[in-house]
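Here chain A shows up in two complexes: once beside chain B, once beside chain C.
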Partner chain A sequence: MLEAYPDNRPARIFLWSFCALVMAFLMLPTLVVVPLSFSSSNLLEFPPRAYSLRWYEAFFGSATWMAALRTSLILGTLTAIVAVPLGLLACISINRLGGKAAATIQGILLTPSIVPGILLAIGLFFVLAAQHLVGTLFGVLVGHVVLAIPVACIVLLPALARFDWNQVQAARSLGANWARAIGGIIVPQLQISLLSATLMAFLTSLDESVISIFVASGQNSTLPKLMFLSLRDQIDPTIAAISTLWTVIVVAVVLIVTLRQKS
Partner chain B sequence: MTIAADPALAADARSERRFFLALSLPALFIVGLAAILPILWIIRQSFLTTGGQYTVGNYEKVLSSGLTWSALVTTVELSFGTLAFCILLGTPLALALASARPRVANLLMAFVMLPLWTSILVRTYGWLVLLRRDGLINAALTGSGLTTEPLPLVYNFTGTLIGMVHYMLPLFLLPVYAAMRDIDANLVRASASMGATLGQTIRTVILPLSAGGIFSGSIIVFIYTIGFFITPAVLGGGKVNPLSIRIERTLSTFQDWGSASVLGILLLILMALIGVMFLAARRLMARNNVGTVHA
Partner chain C sequence: MKSLPITIDSVRKTFGSYVALDDVSLDIQAGEFLTLLGPSGSGKTTLLMALAGFVRPDRGKLLLGDRDITRLAPNKRDIGIVFQNYALFPHMNVLANVEYPLVLRKVPKAEARQRALDTLARVKLEGLAERNIAALSGGQRQRVALARAIVFEPRVMLMDEPLSALDKNLRETMQYEIRRLHDDLGITTIYVTHDQREALTMSDRVAVMNSGRIQQIDTPQRIYDRPSTRFVAEFMGEANIVAPGSVRRMDGADESREALMIRAESLHLDTELVGRDGVALEGILSAKAFRGENWLLTLALDGGQEVLACIPAALAGGCTELAAGQRVTVYAPAAKVHAIPGAIA
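== the complex of A and B ==
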């Protein structure tokens, strides 16, 4: 845009050095934990004096961390399994209804992403407490599903908008019931978007911390909840190891999603 | 030929519509169960004593406490502080990205998005490592002789603000970048050829045309920061107490569900007030024909 000002070198240099500084600000906290995770000392020295894998061993060798990892993975999987089909059905409904009805449904489904997490968390805590369900996997699961549905819809709605509905009508007129029309025509054609939605829903659950902090407990503590508690109490390089693994996994997932969407 | 012309077809269309409505019911049900019911429950709980009797005592207690008002002030300070830094850092960054070649811009955007995809706990941990008394930044500052004493950068308001700006900046950047990329380059060229300096062009062409994006970005910053919990809890070190932290403490430490609910309602009211403020601002912008709002 600024090519209209080819002679203004100082402004250009200033803008780009400013840009570099802000980029550094954005990247630094994520990158700084990587070398720390390979440190052999339990102090947070930088750069580490000697390298080792002891913090990775500490993570994989700890029953508590492993239980939390298991819970988080199970929860993420269940969240995706529940949220994506519900999201798909709701998106078909929004896509077909149009008008005011569609806008209302969309508005209601988006509420959880606008309400502050802390309010959802304590409200859910109260509701679950009344049913004696605090600390159960179910309690955290409904909280995560409700956050994952809008995420799934954001991926699926544009995909459905590109989908040619005449195909479904053709199938219906040839005698296919709705289950077959949706399962046999819509699902295969939205395959890639459904995969993206599944991964995003999984990540939403894996990354969620506030609801977990209030609603999960004991055996059902999630990885973010445990990380939060140990960040509050002491800073241990085990967290650096977890953080590094986490970042690598998330970046891999995001790369898969973006590359698949482009192809 | 309209569908309504044939009564059988019209009935068919109606039943199909009912079917499509029904498709969204499972999702609506779970949102009702796990998002809307909890909010209603907070309202109910705010009028209950620990024994379950109706009372307005919780409101009297919370509203007469000085801690509540300082929490409100801290919440607003953190939100506006984060917004100020997002505008200050994000707008020039968006301008640079929008004026870069598409390939470079896409690559840089991928880097900007990296923190967005990293867990908030990972980032908070990173900031702890960087900002502590014996952390990297203080080591660099004292090592280079810029300061003699390590600066108190974390476990206070400064640290919390740094963490929150870091969290919000990519989210703020997205709509601003989208708005700037959509500006017709010919307008900038026209402005330049008419003799406007770069500063004048930015002030009178680029910024007004991206006002909609900046506005959308600001709304996003508010929606997120108003109830921020993790960052103040870890980087605030107990000294920064916005409403979210007070809610948690009232609930976990004092087991006072009623007061925690009242604080939650204050948070909702604050959100509504800021929402109204933004709506008014949007109407004002629409009247003055400034920019278009990018969602």
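== the complex of A and C ==
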């Protein structure tokens, strides 16, 4: 690993400063909302002239925001619960099938993550409309699961490729049916990848706004949808407060999961 | 434990245009130790996997006793399998691996534990029950795999090149132990290998396979001494296959019209080691090599054909003086000269 780093001092300083700049470029747009959220002003202004917690109070005090938060968390959880097992089964099939058929199925399975979100949302709107599911939590869940399956598969496919399939055959020969072989042999050994897939599926749903804007409504509005709407209607620093909280939560979850994997 | 016979009835399996099993039929007796021997791609593993239930034959039937298992799910076959890479479960310790088939069969906990411990003792692994799989040596893993495959008292055991990952000494020990285990349990065993010595050492009968067909099925001795095809003759060891014209019967009797197989170690320099009805081959010595326990002589017969003679060092007094280019005659006893119909040398 270490030979990737240059030996001489100037080169090393250049390398480290370049990396620091890239990191700053990645992080700053996210971090700029943090001071905004503690502003006491009614407007989004940077830097804030005075500080307060009033926008956090506004957020937690609002029934609408709280309902949206609840919806988003429920939806994220349900998405992970549905998408990860489906993704795992799909990945097992792809892994076993091999050849052109598997490559084709894999391609189809990954399209939702490649197609522009807006197209997917429009298509989904018409499909759900035909079933009278627009505006229901179930409708949004379907949309999020469609997006989360490819995400889960991207994590699970390489893990399965490293898995020794003879173990499943051994379990089968010893008397395990498919469900027990998957549950008792594959799942425990793919624990870490499954945890990552679950997290990624959860975050995919949590972060998703386009499908939610098209399909979710009223009580079932998700947090990102409500944030878009409120940005359009009235700009106040509540958005900054929510964004800050959001970032903290997501970073915390990712950190906890990655640190657990390391240990 | 009651073991069962196996009947393989014209089983065919193709993968695309590749014929892995070409109408294979084979009867294995209850309690028999049968080895499927062949080069890679001969179909031996495909046949084993068909018996295990992981390969579905295109046609043909597989019977366990008188029960048709051709389409039975692998978990309902009650067949113990030892895989080439052992396929132990790395997330369970030794005991949990061995208990696994019993847990699946809902054997009460205490009984399952006792049976697993007894089986571990049988394969000489007492004291290692709590070990992790990663902490075991290759030979110990092999034993755990064996224990796991027999603990639920299956009526048939399948072994897919189980010793190929072990070093030579350990392999020989395990050959002996697997055979002993088979004799103790009396379990019908089908053993796959590409190592002809292993097949000869361990088996009641050997089925030699090539390109999806069984070439010959016989006792180890008959497979070695009386091969029915040129392929079997050459696969089983250093075989000279010579045209009948290059061989002279020492008693002057009529010569065979068929190609003859003479193993390199059946040839002698000394007429007295060969009976009156033996045969003689004459040619020019083209090379000689000392190999420790024996000398390897290469002779060019007058017909241009090459013959290898393997002379035990203890009997090879004359070998040191022989020089390349010299005319040499080698002799073989009649019992070691075997005609192979249809194999034109």
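Rule of thumb we're sticking to: the second predicted complex is superposed on the first by the 228 of 263 C-alpha atoms of A that agree within 3 Å, B and C clash if a C-alpha of one lies under 4 Å from a C-alpha of the other, contacts with A are read in each partner's own complex, and residues count from 1 in each chain.
To be clear about the criterion, a residue touches a chain if its C-beta (ideal position, glycine included) is under 8 Å from a C-beta of that chain, and two chains touch if they have at least 3 such contacts.
All values derive from a computational prediction rather than experimental measurement.
Taking chain B and chain C in turn and counting the residues of chain A each one touches, the greater count comes from B.
When both complexes are overlaid on chain A, the residue A:176 reaches chain C alone and has no touch with chain B.
When the two structures are aligned on the shared chain, A:249 is found in touch with neither chain B nor chain C.
Contacts of A:118 after superposition on the shared chain: chain B is touched, whereas chain C is not. Applying the stated contact rule after C-alpha superposition, one finds that A:164 touches chain C and leaves chain B untouched.
When the shared chain is aligned, no partner comes close enough to touch A:103: not chain B, not chain C.
With both structures placed on the common chain, the touch criterion links A:188 to chain C but leaves chain B unconnected.
Taken together, the two complexes place no residue of chain A in contact with both chain B and chain C. Remark: chain A residues 1-5, 8, 11, 15-16, 18-19, 22-23, 25-33, 36, 44, 46, 82, 86-87, 89-90, 92-94, 96-97, 101, 105, 108-109, 111-112, 114-120, 122-127, 130, 142-143, 145-146, 149, 178, 203, 207, 209-210, 213-214, 224, 227-228, 231-232, 235, 239-240, 242-243, 246-247, 250-251, 254 touch chain B in the complex. On the side of chain A, the complex with chain C involves touching residues 164, 166-167, 169-177, 180, 185, 188-189. On the side of chain C, the complex with chain A involves touching residues 52-54, 73-75, 77-81, 83-85, 87-91, 100-101, 104-105, 148-149, 152.
Interface residues of chain B facing chain A in the complex, by the touch rule stated above, are 17, 19-24, 26-28, 30-39, 41-42, 45, 89-90, 92-93, 95-99, 108, 111-115, 117-130, 132, 134-136, 139, 166, 169-170, 180, 183, 185, 188-189, 191-193, 198, 201, 206, 223, 226-227, 229-230, 233-234, 244, 247-248, 251, 257, 260-261, 264, 267-268, 271.
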